[in-house]
Amino acid sequence: MQFWAQTLNSLALGGLLFLLAAGFSLIFGLMRIANLTHGALFMVGAYLGATLLKVVPSLWLAALLSGVAVAAFGGLLERFILRKLGGNVLGQVLVTLGIAYILADLCLVVWGGDPIPIPTPPLLQQPLRVAGFMFPAYRLAVVVVALAAAIGLFFLIEKTRLGAMIRAGVDDMEMARAVGIPVSRLFTVVFCLGAGLAGAGGVIGGPILSAYPGLDADMLPLALIVVILGGVGSLVGAFAGSFITGFVYTFGVALFPQLAYVVLFLPMIVVIAFRPRGLFGKFPA
Amino acid sequence: MKKKVWIFVFLTILIFLPLISGEFFVNLASQVLIFAVFAASINLLLGYGGLATLGHASYLGVAAYCSALLSLKLGLAHWATAPLALAGTTAMAALFGLIALRASGLGFLMLTLALSQVLWGTAYRWVGLTDGDNGLRGLTRPAPFGINLDDARAFYWFTLAVCAVSIWLMARFVDSPFGAALKGARDQPRRMSALGYDVWLVRWITFVYAGFWGAVAGLLFVYYHKYIHPISLSLTNSAEGLLAVIAGGSGTLAGPIAGAAIVMVLKNYVSSYIERWNMLLGFVFVLIVVFMPEGVVPGAKRIYLRCRQRFTSRT
Amino acid sequence: MQAALHVQDLRKAFGGLPAANGVSLSVAPGERRLIIGPNGAGKTTLFNLITGDLVPDSGSIRLFGEEVSRLATHRRVHKGLARTFQIITLFPKDSLEHNIVLSLLGLSKARWNAFASMRDSAALYGDAQRILAVVGLEHLAKRPVAELAYGEKRRVEIAMALAQKPRVLLLDEPLAGLSREERGSVRQLIGAIPREVTVVMIEHDMDTALDMAERITVLHYGCVIVEGNRAEVVADPKTREVYLGH
C-alpha cells in the first residue's frame, strides 16, 4: 500500500513538475532564455489562486484565471524587459533572477509570511477506491490534468501552425527569421504560454503544496533538474524528466529523507555525464 | 608604474584604517574584504573565463561548514581544520567542474545553480549533521602565532593580509600565459583549439582554482561570524557575489573589489532602513542590467560623460 | 611513400543530409592540393572533419600514417596539423603581437604556467616580431588587430598558422573577401611556404587558385568527382557539368 501511495504521489509530483518545466523548456529551447523567474511565477499563481478561491467556486476556474493573469504578466516582462536585452544572455538571466526576488518579496508583503492552504475541490475530497486500495482522488486528478496538458501541448506543437513555427525556431532561429516567421511575436506568445502554465500549475499544486514563502525557491531547482535531465526544447524531454524526477524525489524523500536533495540530482548527473544534451534534448544546454 | 603607486597608496590606507576608525567600521571593512575575495574568485570564471556561475556560494558555504564541523564534531584545531576544509572544498570543486563543464554558457549556469541548490537543500535537511535551520554556533577564530583574533582590529589585519595575498595570486594568474589562454578561450574557443590549447582543461583548472579561493573566502567568513547557516549556501549569496562583480565591472580585478564594497555597504546601511532587502536586490539587478550592463563603475563614467557632453553642447 | 594526409571513406550526415559521402583522398608530403566544388559540396565539412571540429560517422583520417580520427582537435594540432578559418577569427581587441604569441604558446609547455607574467617570455615576443617581419607587419605589432585591413588580417592569420611549424596546413578560402592587390600579396605568401609543409587549400576563386595547386580534388554533394592535375581536371567533362550555371 505504501508503495502504491508513493507511486501516486510520484505521479502527481511529476504532473506538477511537467506543468512547471514544460514552459521553462519551451522558453529555453526557443528563446535561449534561462527564465529564473519561473519558480516565482508558479508561486504567484498559487497565491493568486488562493485569493481567487474566495470569490470563485471552482479550483479549476481559479487555476485558469490565475494562469491567464500570470501569462499576461509574463508577456509584459518579455515584451518590455527581456526583449530589450536580446543577445545579452547573462543580462537576461540576471533580470529574471531580479524579478524573481521582487516577486517573492511582493508576495510576502501582500500575503504575509504564513503558508496559505488551498482547499481540495469538494468533489475530489473523498478517497477513491481502486483495486481494493484507497487513493487520494485529488492526486489522481492532478495526473489526469497533467496528461491532458501534455496531450494539448503535444497537439499544439506538432499539429498547429504556431507549433510548426515554434519547432522551426528551436531548430534554427536564423532560418526561421529568414522564412518570415514573426519571431518577436512568437517569443511573446511562447513566454506567455510558459508563464501561464506555471501560474496555473501553482494553483493546481495548491491542495498538495499550498502557497508559502519559499515555494519559488523550492520549485526552481526542480524545474532546472527536469529540463537538464530531460533535455532542452523538447516536450517529450520535459515529460520524461518530470516523471523521473517526481519518482526519484518522492521515493528519495521516503527512503533517505536527509539526502533527498542529493538523490534528486543523481539522475541528472548520470545523464549529463553520458549525454550533455539530456535524454531528449535538441541541443546541449 | 602608475598602477603600482595607486595600489601602494590604497594598501597603506587599508593598513592604517583601524587606527582612525571605530569598531563598527573596522568590522564592516573586514566583511568587505572577505566579500572581495569571494567576488574576485567569481570573476575568474565570469570576467576572465566567460563562464557565468550562479553556484559559487557552494564553495564558501562548504568550506565554512567543513571548518565548523571538523572543530565541533571532531574537536580538531584550526591548523588542521583549515587545510582539510580547503582541500575538501577544492576536491568538491574539481568534481562539480567535471559535471558543470559538460555544458557551456546557459547550460553551465543552470548546472552550477542546480548543484548549488542541492547543497543548500541538503544543509537544511540533514539536520543530524548541520543542525538545519539552527545553523552551527559556538565556533572560534584561529589564533595564528598566538594572536587573539577576537579583537576586531587584529581580525581585520589578518583578513587584510589573506585578502592581499589572494588578490595578488589571482592577479598573477590572470596575467600569466595560462591566463592568456583562459581569456583566449573565452573570446574564441574554436581558434584556441586550432592553436593547440585544451580549452576544456583550461576551463576546468580555472573552475577548481576559483573554487579554492571561494573556499578561502568561506573560511574567513566563518571565522568572522563564528557561525554558519544554510543561507550561506543559497542562490541569494551566489547572486550577491555575482552582483558585486557586475556592479564593479567584470573586465578587471579591481572591479569586483569595488563592487564588493558597494554591495556590502548597501547591505549594511540600507538594510537597516529597508525591510525588503531581497526586493531591493532584485531592483538593483534589473536596473544595472538594463541601464549599466558594463558595470556601475564604467557605466557611471559613461553616463557622466554623456551628461557633460550634452551640457557643454548646449552652452 | 607515406601520405602526409590520408582520408579513407569519410562519412558525415546531418539529419538525413550527407555532407561527406565516402570521401577518400591522399595528399603526398610537400604537395600543394586544391579542393574545389560548388557551394554545399562539403569542402568546409571535410576540413572540419580533418581538424576534429566534427566527428565523422565512419571512415579514417591518417596524419603521416597515424590514425587521428578519434583525437580531439587540439591533440591533432600537436601532431602537426594547422588551419586557417574561412571567417577570420583572430582576437580583435588584442595586439597583433599578442595574437602571434598566443599562437606560439599553443604548442609550448609554457602555456600551463599560471604564475609568471606574460612579459617574462621575451623569447616568445622576439619570435613574434620575426614572424610579423616575414609578412611585413612588424611596425603594427602593438596595434589591436581590429585596426588592420582585412587583407592584413588574412596574412596575419596565415603567419600564425605557419608559426605553429605545421606538417600539414589547411587553408580555408584564404583569398575570400580580398581586393586584387591583397590577393596578390596573400598568393605570394602562400607561394613562399616551405616545402616541408604540405598545403591543402579550399578556394572558390578559380583563376588564382588553379595556378597555386599541383593536384586538384573536385567535390560535389560530399563525393570526390574528379581528381588530377590542372589540365586533367579542366578537361574532364564532369568538372564542367558540376559548375554549369555557376
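All chains are identified by letter, namely A, B and C, in their written order; residue positions are counted from 1 within each chain.
Here is the rule we use: a contact is a pair of C-beta atoms (placed from the backbone, for glycine too) under 8 Å apart; a residue touches a chain by one contact, two chains touch by 3 or more.
From a predicted model like this one, the values you see are computed outputs, not experimental measurements.
A.B. asks: So which chain ends up closest to the centre of the protein, judged by Cα positions averaged per chain?
C.D. replies: B
A.B. asks: Looking at every pair of chains, which two share the most C-beta contact pairs?
C.D. replies: Looking across every pairing, the one with the most contacts is A-B.
A.B. asks: With chain centres taken as the means of their Cα atoms, state the distance from subunit B to subunit C in Å.
C.D. replies: Comparing mean C-alpha positions, subunit C is 42 Å from subunit B.
A.B. asks: If you average the Cα atoms of subunit A and of subunit C to get two centres, how far apart are those centres in Å?
C.D. replies: Computed from C-alpha means, the inter-chain centre distance equals 48 Å.
A.B. asks: Please work out the Cα centroid separation of subunit A and subunit B, and write it as a whole number of Å.
C.D. replies: Centres of subunit A and subunit B (C-alpha means) sit 32 Å apart.
A.B. asks: Show the residues in subunit B shared as contacts by 2 or more other chains, in ascending order.
C.D. replies: In subunit B, nothing touches at least two other chains.
A.B. asks: Can you name the residues of subunit B that touch subunit C in the complex?
C.D. replies: 172-173, 175-181, 184, 187-188, 190-199, 205, 209
A.B. asks: Inside the complex, what are the residues of subunit A that reach subunit B?
C.D. replies: Going by the criterion above, the answer is residues 28, 32, 34, 81, 84-85, 88-91, 93-95, 97-106, 108-109, 217, 220-221, 224-225, 227-228, 232, 257-262, 264-265, 268-269, 272-273, 276, 284-285.
A.B. asks: Please give the residue numbers of subunit C that touch subunit B in the complex, ascending.
C.D. replies: Contacts found on subunit C: 51-53, 72-74, 77-78, 82-83, 85, 89-91, 93, 98, 101-103, 105-107, 110-118, 121, 160, 164.
A.B. asks: Would you tell me which residues of subunit B are touching subunit A in their complex?
C.D. replies: On the subunit B side, the touching residues are 52, 54, 99, 102-103, 105-107, 109-111, 113-115, 117-122, 125-129, 234-236, 239, 242, 246, 276, 278-279, 281-286, 288-290, 293.
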